[in-house]
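Presented sequentially are two complexes of chain A, the first with chain B as partner and the second with chain C.
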Partner chain A sequence: MTVTRELALAKVAGKRPARRRFGPAFWGGAGILGVILILAGWMSFWPMHDPFAASGTPLGGPSAEHFLGTDNLGRDTFTRLALAARTSLVISGAAALLGAAIGTFFGLIAGYVGGWVDAVIMRVVDAILALPAILVALVVGVVIGNGPWPLILALGLVFAPGFARVMRAPVIALRERDFVLAATLSGVRPHRVIAEHLLPNVLTPLFVQFASVASQVVLIEAALSYLGQGVQAPEPSAGRMISEFTRFMQLQPLLIILPSLVIILLSAGWNLLADGMQDYLAPRREPAFSLGGRSKRRLPRRAKTAASDSSTASAHDTRTEQSRTQQSRTEKRPS
Partner chain B sequence: MTRYIISRVFSSLFVLLVLSVLVFSMVRIIPGDPLAAFADPANPDPAKLDALRTQLGLDQPWITQYFVWLLGVVQGDFGRAITIPGEVSGLIATRLPLSLTLAVMATVIGTALGIPAGVLAATRWRRLPDTVVRGLSFVLLATPPFVLGTVLILVNSLTLRLPLVGYAGAANDPLRAFGVLLLPALLIGIVLAAIIARYTRGTLLDTLGQDFVRTARAKGASPGRLVTRHALRNALIPVTTVIGIELAALVGGTVVIEAVFSLPGMGSLLLTGIRSSDYPIIQATVLLIGVVYVVINFAVDLLYPLIDPRVRVHAR
Partner chain C sequence: MNRRSWAGTAAALAVVTLTISGCSAGGGGDGAEEPAGDPVAGGTLTWGVPAEPSAGGIDPMVASAIAAEVIYSMAYDTLLTRDDDNKIEPALATEYEQVDELTWVFQLRDDVTFSDGTPFDAGDVVYSFETRKDGGTNATYLSLMESVEATGDHEVTFHFSEPDGTFLDAVSARQTFLIVSEEGYGNATEEERQTTSFGTGAFQVTEWNQGVSVTMEKNEDYWGEEPYLDEIVFELYPDENTLLAAVQQGSVQAASFIDGSLAQQAEQSGFTLGDAAFRQNLAIYVNPEAGPLSDVNVRRAFSLALDRQALVDTAMLGNAGVSFVPPAGDPGATDATKLPYHQRDVDEAKRLLEEAGQPNPEITLSYMGDVAQAHHPVYEMMQQQLAEAGITLNLKSTPLAEIAPIFTTGESWTDLVAIPGSPRASAAFYLEPVLLEGGVYNHWDGNPDADKARELLKAAKSAASPEEYTDLVAQLANEAAEQALEFVPAAVPVYFEVWDGSKLHDYENDAFYSRSALDRAWLSQ
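This part shows the complex of A and B:
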């Protein structure tokens, strides 16, 4: 949608439109996740040490052989952390994917069909969203057991309503658009209208929501494992490491700092990815002015660019902004 | 206006009904017998257990159990806890105040830090304050609160040794209770501040990019006045929704911080209930947390027309 606006803008200015690129946020996020993925894959196929058996002195510091030290049982921290990061990455990606699949399905149906179907789906969504994600994950986790796969299922179910809400809003706007009406009137079956005409047009908020949910899943998985309800021993998990190694903090602080860093990096990586995609897909308009320092001198130029910006702003543009506010409204579920 | 309120009331009531069904059925699917704690593993006495089951109404069909439970809940009676002595309503009455206090304290801290930070970042777009606020909120958003909590407790145990853990109830010593709650509230508060700052920055930037702001600027309004009088009022409307949602979610969402600081709040009560599969406790806590959420959202919906005159016009 914004592509049209940029084309129009470039036309007015008499220039070829600049090619849009992903910004540093996107590449930063992708880079962090990529490096973690490579390290984790490397450690799970060719581990430096057996992650489940002692290979050095307990609570050892960094050395040539164990360059992140060892834990209280003498197991290599680096190998175990890489495995924990892998588990966390897989769980976050898979749970977000599951939530996206379920949520998109119901969101598209609710938005397209409307009426009482919409009302019922959205009330159920409201009801689930009324419970903090971590509580639902706790209760659902108890129902279907612990371990990575039940966790994926539980967290996928928890985050599906958010996806449904994010998908529904743009579909309602799209439903009235000419191309959708034309398809419907020319006898295209509803499921094909949804799959071929609506879905491709709501992929923007879908991707952003996906990455932002994945970052929340990382945090919730860590919290569940911290409470002893997530990934179970002996499988390494960053959250459980923190709760287990609190006792050894004064002897070997690395055992607390490193798992924390892994969680922060993973969550921030997904978050950066979401931000980067958001900026790429719906760039923000510059503010009309800026306070402080140099703003006074730069004001004329800024005002001018902003003015040409707004004169060509179209109806499409408001919709992407709308979907952005929708998205950020539902995306936040504190743990 | 009345129609707006009535429609909000009905919608909220319906959500509550769906919520009660959800909570009830969720709990029934949990494997594990709530009476396991009463059975003597060496010498199980089925007759005695059956009698207990009948007494607790657990032998009834689920649908009957649901309506009996719902009828009680409406009257403020959540039944008896199975594994802990006492009425569930009594247990909750001792724990809800703590959770509410914690949530309100955290929200106040989060708002007090978050909104100014967000305004600072938005008005100094792409300059140093913006970068600092964005970077900080980014790291805070990615940091689990229990990491902050663990590190803080340990650092404190090595240095200052302030009495941080050990909540003894607000009745005996309100000042000490407040002190004990301050640190957990601060931890949740700064994470919340990160969320609020990000959101405020986003909406304020969107507002500052709008035509009416430029018009006002062209007519000679000073930037400071523009932000405080023109832009902020518009930008903060969606922020209030977010703050409301966060406050509501915090009432039950503090399980982890409660575990770190061993606070007897709603979250830890739920955790106890889950670990012993104590149906009444789980049902009551989860439902109550949901109810708090719905009620706060309802209140925010009612506040909306007061803050934003446009809603008032449309809602008529």
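This part shows the complex of A and C:
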């Protein structure tokens, strides 16, 4: 059973829920990641040039054959950048997925079981949250070696506590709700309650946290590769490209501008996706993401329609209903 | 943001990108040098360096880092020295004679004073050699020296247990057997020895501001012609890109680069780029105790699969030389292209691998991932070349701190480890740590593949004449290549030196990176 806050509140308010749409943030993020994914897939299966062998003169500029030029070993920059983006995308997605799986598991347990189990799990979470992610990744690299998989493992573990914390809070609120109590009282076993009744209702923060963590992983992977401890040669990596090609900054500046842009785009893509999903799944009064000031031409029209703006009204109602729900929950607790 | 704003932002980004990419190198000076005129005394030369002395500071008996060598070789002198044509010249000794196979006698200058004011005599030479033999750096170079004695105020006699074929090379190398003041150095604390100098050189270290600069001042008591420069300040720029910026801004009048491509960019900015000798091997040491490299045919196939000229031309952008042991720029070097298994032959490499029963061996190469980035393309390109012969080379980027125990305490490694080697005083010394007992890179004890090379090395060290020594060193290089006991993809200069020819005059770098020409160089006022 899936009960979203909005559906419930709309029902209380006697209204049909407004049809929601993905905003520009979501489409911006999904678009960036989609384009990168398509280019990376294209270059993985049908590369224009061998990404690991020289196909032109070293440090060549953009040309018809190599439209982003070549690196110091004469390898095609576009092909290698596409593969670097793929590597970064895979690492960020996989590390976030691993973190989400572990964090969600412990978050659900902590939130649902409560008591000392909750206390123990959350203290461990607090301890791990105190560790800097890049330091943990460096240590894991030293102990079990460098490369994509150790990196995914290290970052997945480091970011899992964040997921656990994000999952625990809504589960604590949900476990007292009628539908959960009803399921429990009718003899549904705890693991089914968690899997079928609680998990589907906490997916909103999970998705948002997933994209947000993926964005951070992109930056950490780039930093580690810059330090020579991330993805190893000959696999291309945007961070390592920046590190290696700084020495050619004056001879061929594109060699460090382009990988920098890849990192920026990947990180921004995940961040925009997180924001877009946040706006879609749990709309706020003011969008978290704005590309600029409101268009002056649109202001009067908005002003005219302000009174009938359903989203504003529903948001207002939401707050009212939230306080009501909280009141009733507080009242219910002693019983 | 509306569509128009998006388009505007994209256009602006494109303009910025294109503008930056259009501003490629070539923005430096024109490199034209005006007539220098007569030398002028005075002035401070600022020299940018990428590294400063590390363990042992600038103590010539303890420190072995190249960054220390280039400084203490200016502050201290040796008994003999060499010119760029490898001809022996007098320094603190005026004459030398090999009385018999086991005895050398040196006549010393009698007009030399140390920077602390004490006069130089035979006692200082005896003290310096005994201190070095008793646990100083390169003490192994004196393993055959039985004793050294003062046979006059300005005469010393060396006695050897066996003929030493390397002694003349070592005693005339500019960074090896430096002479210290028995009184000044002997009575100084460890800290004083590591931060100041007690030598007879033209410039003495007066201040070392760690992490910032090393200052050398003119030695007023210098026994040679009085230097023109008052002071030389070596400013530290750990990031060579920053050093290049300092060169282009004119913050330094000279600089040393490890990265040849950056030195070339400095040259494009109007600086003079010295013609440096390739005296540093990008050595790759073998651990044959386990894995595919225990088979000599796999090692030979590895060597045959490498296209060394392509590594030099592409990976090092021409800033290197094809080399084996000793390095291509070393006086005792043999022509590496003529050594066994040093001309690329992929088919033969595949045949050897088949013969070894390992058509697709997997080999791990550890290299310093956090330093010497200019060398990394060599390893990547080797990986491509070896793949064509069916050899998978796994590159393992390892921090310097993790690799350091290999060359400090002799810790083991897997398959291959790449450690750029320091220049050594004599040709036989390069394979000492690989072949002789106790050598930090020695994993060949008990391995018959290295027996002949070991015997040749011992014979070379005990050679009775320079001709015999040269012949044995050549045989040793041939045998080491035949058995593929070590791999050398290329040799590079220790430093690429650049200087502003319009400000610093009469300076030329030397094959021994000792900057000895600073003794006579002068600055425009």
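We adopt the following convention: the second predicted complex is superposed on the first by the 267 of 335 C-alpha atoms of A that agree within 3 Å, B and C clash if a C-alpha of one lies under 4 Å from a C-alpha of the other, contacts with A are read in each partner's own complex, and residues count from 1 in each chain.
Note that in this section a residue touches a chain if its C-beta (ideal position, glycine included) is under 8 Å from a C-beta of that chain, and two chains touch if they have at least 3 such contacts.
Quick caveat, the model's predicted, so the values are computed rather than measured.
K.L.:
On the A-aligned overlay, A:L219 touches which partner chain: chain B = first, chain C = second, or both, or neither?
P.N.:
first
K.L.:
Should A:L227 be classified as contacting the first partner (chain B), the second (chain C), both, or neither?
P.N.:
In the superposition, A:L227 contacts both chain B and chain C.
K.L.:
Let me test your reading of the model: by the given contact rule, A:I264 touches which partner, first (chain B), second (chain C), both or neither?
P.N.:
It touches chain B, and chain C stays clear.
K.L.:
So, does A:V142 touch the first partner chain B, the second partner chain C, both, or neither?
P.N.:
both
K.L.:
Using the superposition on chain A described above, determine whether A:L131 touches chain B (first), chain C (second), both, or neither.
P.N.:
In the superposition, A:L131 contacts chain B only.
K.L.:
According to the stated criteria, A:G74 is in contact with first (chain B), second (chain C), both, or neither; which is it?
P.N.:
Only chain C; A:G74 stays clear of chain B.
K.L.:
Please tell me which partner, chain B or chain C, touches more residues of chain A.
P.N.:
B
K.L.:
Is A:T246 touching the first partner chain B, the second partner chain C, both, or neither of them?
P.N.:
both
K.L.:
In the overlaid three-chain picture, which partner chain does A:A54 touch, first (chain B) or second (chain C), both, or neither?
P.N.:
Touch partner of A:A54: chain C, not chain B.
K.L.:
Which chain A residues come up in both lists, the one for chain B and the one for chain C?
P.N.:
142, 227, 243, 246, 249-250, 291-292, 295
K.L.:
Applying the document's contact rule, which stretches of chain A touch chain C when the two form their complex?
P.N.:
52-54, 58, 72-74, 142, 145-146, 227-229, 232-234, 243-244, 246-254, 257, 291-292, 295
K.L.:
Which of the residues in chain C end up touching chain A in this complex?
P.N.:
Touching chain A from chain C are residues 1-2, 5-6, 17, 20-21, 23-25, 27, 240-241, 244, 259, 261-262, 265, 314-315, 317, 369-370, 373-374, 376-377, 379-381, 383-384, 387, 395-397, 399, 402.
K.L.:
For the complex, which residues does chain A have touching chain B?
P.N.:
The touching residues are 123-124, 126-128, 130-135, 138-140, 142-143, 215, 219, 222-223, 226-227, 239, 242-243, 246, 249-250, 256, 260, 263-265, 267-268, 271-272, 284-293, 295, 303, 306-307, 309-310, 321, 325, 328-329, 332-335.
K.L.:
Considering only the defined contacts, which chain B positions touch chain A in the complex?
P.N.:
Touch list, chain B to chain A: 11, 14-16, 18-19, 22, 26-27, 29-31, 122-125, 127, 129, 138-139, 141-147, 150-151, 154, 158, 191-192, 195, 199, 202-203, 205-206, 208-211, 213-214, 217-218, 223-224, 226-227, 238, 241-242, 245-246, 248-250, 252-253, 255-256, 259, 267, 270-271, 274, 277, 282, 286, 289-290, 293-294, 297.
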